[in-house]
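Note that subunit A is present in both complexes that follow, paired respectively with subunit B and with subunit C.
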Partner chain A sequence: MSEFAIVHRSALAPAPRVASHRIAIIALPEGHVVQVFERAPGADLLAVLADAAGTAPHAVRTAGPGQWFIVGDEPLPRDTFLDLANALGPHAATVDQSHGRVRIRVEGTVVERMLAKGTAIDLDIGAFPVGHSAATLLGHVSVHLTRLDATAFEIMVLRGFASSLWEGLERMSAEFG
Partner chain B sequence: MASLISCPHCGARPKEEFTIKGAVLPRPDAGAGSEAWMDYVYRRDNPRGAYREYWHHTSGCRRWLVVTRDTASHEVAACQDAALAKRAEAQP
Partner chain C sequence: MTSYRLDKGGLVNRTMPLSFTFDGRPMQGFEGDTLASALLANGRMLVGRSFKYHRPRGILTAGSAEPNALVTIGRGGRTEPNTRATVQELYEGLEARSQNRWPSLDFDLGTLNGLLSPFLGAGFYYKTFMWPAAFWEKFYEPLIRKAAGLGKASYEADPDAYEKSWAHCDLLVIGAGPAGLAAALTAGRAGARVMLVDEGALPGGSLLFDSATIDGRAATDFVRDTSAELQSMPNVRLMTRTTVFGWYDGNVFGAVERVQKHVRDPQSHLPVERLWRIVARQALLATGAEERPLVFGGNDRPGVMMASAMRTYLNRYGVAPGKAAAIFTSDDSGYGLARDLEAAGVDVVAIVDSRPSAGMDYRGKARLIREAVVCGTKGHRAISAIEVRRDGRVETIAVDALAMAGGFSPIIHLACHRGARPLWSTEEAAFLAPEGLRGLEVAGAAAATAGLAACLAAGAAKAKAILDDLGISCSPAVFAAVDGDEGTPPARPLWSIPGIKDKAFVDFQNDVHLKDLGLAVREGYGHVELAKRYTTSGMATDQGKLSNMNAIGLIAKARGVSPAEVGTTTFRPFYTPVSFGALTGAHAGRHFQPVRKSPLHDWARKHGAIFVESGLWFRSAWFAREGEQSWRESVDREVVNVRQNVGLCDVSTLGKIEIFGRDAAEFLNRVYCNGFLSLPVGKARYGIMLREDGFIYDDGTTSRLGDEHFFMTTTTAYAAGVMNHLEFCAQALWPELDVRLASVTDQWAQMAIAGPKARLVLSKIVDDDISRAAFAYLGAKEVSLCGGRLHGRLFRISFSGELAYELAVPAGYAESIADILMDAGAEHGLQPYGSEALGVLRIEKGHVTHNEINGTVVPSDLGFGRMVSASKPDFIGKAMLAREGLTAADRPRLVGVRPIDPATSFTTGSHILAKDAEATLDNDQGYVTSSAFSPHVGSTIGLALVKHGPERHGEKIVVWNGLKDEYTPAILCDPSFVDPGNEKLHV
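What follows is the complex of A and B.
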């Protein structure tokens, strides 16, 4: 772990937003993203994680076997991150990825049709309910998708791909403008 | 090539999300002769029919899988997590 805090600059500054009456693309605040890896395979950590993550809805996202993300809109001060890391310490390893991943919210009545241009997974609410997460490809970019609402998804992407993905989302949404 | 792979963790996903390593072969002992290592590293049978390969779900759960597919018909017969399958074999 580094001995100094990282100076944070926004990847999609200043808070861009593209919207029509059917689709909106919104850059979420670059708060915190903590990646969590279980220590022993097979242990059910969801209750422990939910406890550590606080009360915000959909703060804990599954990311494959034994891996999760804890996300939120508020920046995580170093002391708070260390408290979280210590609380989860016996069960899981934690890595602060707040600087490394960017979250984009897409919402609107045609959001599934827009996302279906980039990903092959079934986005129907029956197969992909509210709170469900999946790591997948959107075009050629690896992303982590979460359904926040019947008509809203969150896309988490590696920071270096954020502006490229943003342009892709704009193009995918153009016909709905 | 099979275009949909049923990942045991993620469900049916397109092959573009995966990286193929190649045939599932038993690794020789470190001291095995150069002939055994030559076989393991380079020589492949290229069979027509059933084939077991390591696939990595690179753009999904990032787990190594063992995919059993038919090289002629493109059908996927089985898809298992490589580490979990190995653990299950070790503790029957």
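What follows is the complex of A and C.
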């Protein structure tokens, strides 16, 4: 039996954060990301998901027809995930993506201008209100984008692209530094 | 005399002088100048040489249509050739150089071309350089290319940053002149999301040189107040120095913003240019009109200028064109200029009006010559006199500047970028944008509206109509009375002028003159598109902004038809040239594409990995150790270690897809050509996916983790493609199946642990029983690791042909588990191995990859014929797989190949010839798909696709490399060089 401890390694370690008075880019804790696929329409799945997601705001995100992500900053113990999967069992398929997706928060007064350098989506709050999500390209990288409040968005990206996207975000925000 | 700066007037900041150089000569201008206005202020009228005849050329316009005043600015990587001096803003230290001259601008030997001009007419090189034909490519074309041309690009890298951005709005207003400002104000006040974009440094357009007043105040004051109001609105974005260059599908407009083209030292945190894609619900084209030159002899001499340009230099920049100016006009706009020139103290010698009477009352001092034309000019490097023809008599009048006012053509390029054709209006004597364009309206001078008050009203009215359509209520902006509104009625076109002796230029930039167009029509190139290509009229960097209308008029006249019948050439993006830097944006150099990193990237680097780009992934290729002299040495060691002990390879880059659903097994059964319905839970199976045409698309293993839950792996290269393919199958082909797909490539780190000691190493961290009996070949299951601290997935599959496993763990724990494995495996000789060793091991085993699955092979070509299910009712590719060509007996099929002399070698891509056969295409029997040095065999080995290959094991052949003319005697053999009986897999 090995002496080594099993250590979690973040895709964007160590503790990256870029900030100015107008824009901040913050790597969020690699807590949990659960992908949920509706299997049989009819059941009030969203209520079950909302229940599972707890009280965190915007923890349940649309990811396409009949698909959602449940996200949070806390790691999801295996038993909890299995309980959730069992609870959803009849209605939905559940996939743990906690290690496959990395979440980055961008916030500030110029956040829409900064993100407009990468995405073709209209991010005006009238067109993309708080809680709204969309899959889009940010530059050359596919991301899942959610508006958290008037001046903050969360970007979810495949782990393998996280450091490349981070560099891109730094370049996109350079003029606001 | 030359042009000069007036003591007062203009929008330049006389308290802020700027130094610059032209051809090394120091000069001074003011903040607010363009390079052109500053050159004129310094009396520099000759600024360039023409393209073909090297004629002296001056500044013709004050805007983006400039064909003559092209200069090179900057140095090193910032060198920018063909910069229009008329739009380049002056900055401290600007370095400008003239182009297309040698040895100097004032004395250019290229003017000798002018003497040869009788031989250099339209199409001369098509006629002259006909034979010998072989000379064209090697001699004539290089020579012509060298002789022609304008500025030269730099070979140095551009040090500056560029970027792209998107923008969205309800109303995009293109052009911030009177109509554009009025429209933006109307829509802005209504709360609509408005973008007002103008190519100039300042908003205002013609208001910046208009001498009319609004509510008793200068037009420039009106611009300032209106801009301030617009800028105070959060829903309005006013962008200057931004050219909308194209209109595209989806009502997307392309624009380029010159963020730092007007500064000496660009700041590194800002781009120099930004490319915008603007998604507009509606757009309003308020781009104004272009003044037409008049085609008379010597109309290109420095000192000859468009009337509106002369007025711009005078009123906006405080620069007079000379001491004694003449105006040649075919409409009333010439009189407004005369009044302004006289007010500024410039002597207007003559107004030559082609019409019998003017629509405007002129009471100035200039001599008015009606029903007359300017038919020629005189002067060496600048104009010194004009020749005025009236009633057949020619009079010479000394001048040092000449303005030409040939009427206005609405600027409608953008309106025609999506296929609409301009329509000729006899009434307006101009081509207009057609009505009914979806998503775009035209207002102001761009719609042939004349006069300041009328343009303001038209802009406001159009904006209201657009907003009404969008469901945004508003009332049109109302403006105070305009005094001094000229409202010039349209000019009667004056296509041709009698008595011309010297060259009369139609297209200034490409040196196309009057006679060239006549020649084109006579020689059968009278169609406007043919005439363009035959004469090159309208083909230069200015794309004929000034010339096209005159060219059309002259062709129409030569053919005896209306301009409506001639029509225009096609308007295409870009309206003005756009730099490659802006089109590339931020994605240059190492940012050309994103990098995708394995969760074991840093672990591999820690162990000395050399990485190779594989698509977007960086894969560890081999792990160099101290003392190893070459990559081969490292790879050979890694291969031998896997065969003798055990190795660990990062295979996280393989595509991984979870498949859920009641019908998941049926789904896979249709996707793969082999059977998957009967795969038991806890087992993996190798699967082959075909395309609809029967050829193999991809391969990989798929494991059944539950009754309704499968886990598929794909090749690294086709991961995204397979995912798309499966989604298409699930959503479009068989929506009735209950199946859900999730890409989990990034969720799991996957490690191959291969070699005779693999089980010994793994059992130290896997809690479950993985003995031969408990976890046989092709077993697949979730396992507990390190005393239950973590769970992973274990697959007993082998690419190397050894006893092997693939262990998947959540990506965040990958490095930790790899460390633990390396520690646990130390006593068994565990070493990391890279993708190179992985390749050698699979070639030795005879396993295929996309080298073999190259889009031309079917399963039986690779020895998988019996895997293809005969009993399944259907699977993708089944029908087409039965085509006779795909079942032919002489299809190239998989075989091994090795050199007869182990000291010799061959390379992938070489072809197979029968022994003693001549090296011809007819004798080609196949080709080597993969090759490597095999430490196990002790020589190069290869896999090849060869006709009748499997029946020819033992036959001597020749491997022929036609590129290097190498012939290697070799022998065909079983592709399985290692353990052909597959005993090792089952130990």
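Definition applied: the second predicted complex is superposed on the first by the 165 of 177 C-alpha atoms of A that agree within 3 Å, B and C clash if a C-alpha of one lies under 4 Å from a C-alpha of the other, contacts with A are read in each partner's own complex, and residues count from 1 in each chain.
What we mean here is this: a contact is a pair of C-beta atoms (placed from the backbone, for glycine too) under 8 Å apart; a residue touches a chain by one contact, two chains touch by 3 or more.
All values derive from a computational prediction rather than experimental measurement.
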| item | value |
| --- | --- |
| Partner chain(s) touched by A:148 [first = subunit B, second = subunit C, both, neither] | neither |
| Partner chain in contact with A:64 - subunit B first, subunit C second, else both or neither | first |
| Partner chain in contact with A:28 - subunit B first, subunit C second, else both or neither | neither |
| Which of subunit B and subunit C A:87 touches, first, second, both or neither | neither |
| Subunit C versus subunit B, contacts on subunit A by residue | C |
| First (subunit B), second (subunit C), both or neither touched by A:136 | first |
| First, second, both or neither for A:120, with subunit B first and subunit C second | both |
| Residues of subunit A that lie at the interface with subunit B and also at the interface with subunit C | 120-121 |
| Of subunit A, residues touching subunit C in the complex | 1-11, 30, 35, 37, 39, 78, 93, 95-101, 113, 116-117, 119-122, 124, 127, 139-141, 158-161, 163-165, 167-168, 171-172, 174-175, 177 |
| Of subunit A, residues touching subunit B in the complex | 63-65, 67, 120-121, 134-137, 142 |
| Sites on subunit B touched by subunit A in the complex | 9-11, 13-14, 16-17, 58-63, 81 |
| Subunit A-facing residues of subunit C, complex | 163-168, 193, 269-271, 277, 279, 586-587, 591, 593-599, 602, 617, 658, 660-661, 738, 740, 742, 744-748, 764-765, 786-787, 789-791, 810-817, 819-820, 823-824 |
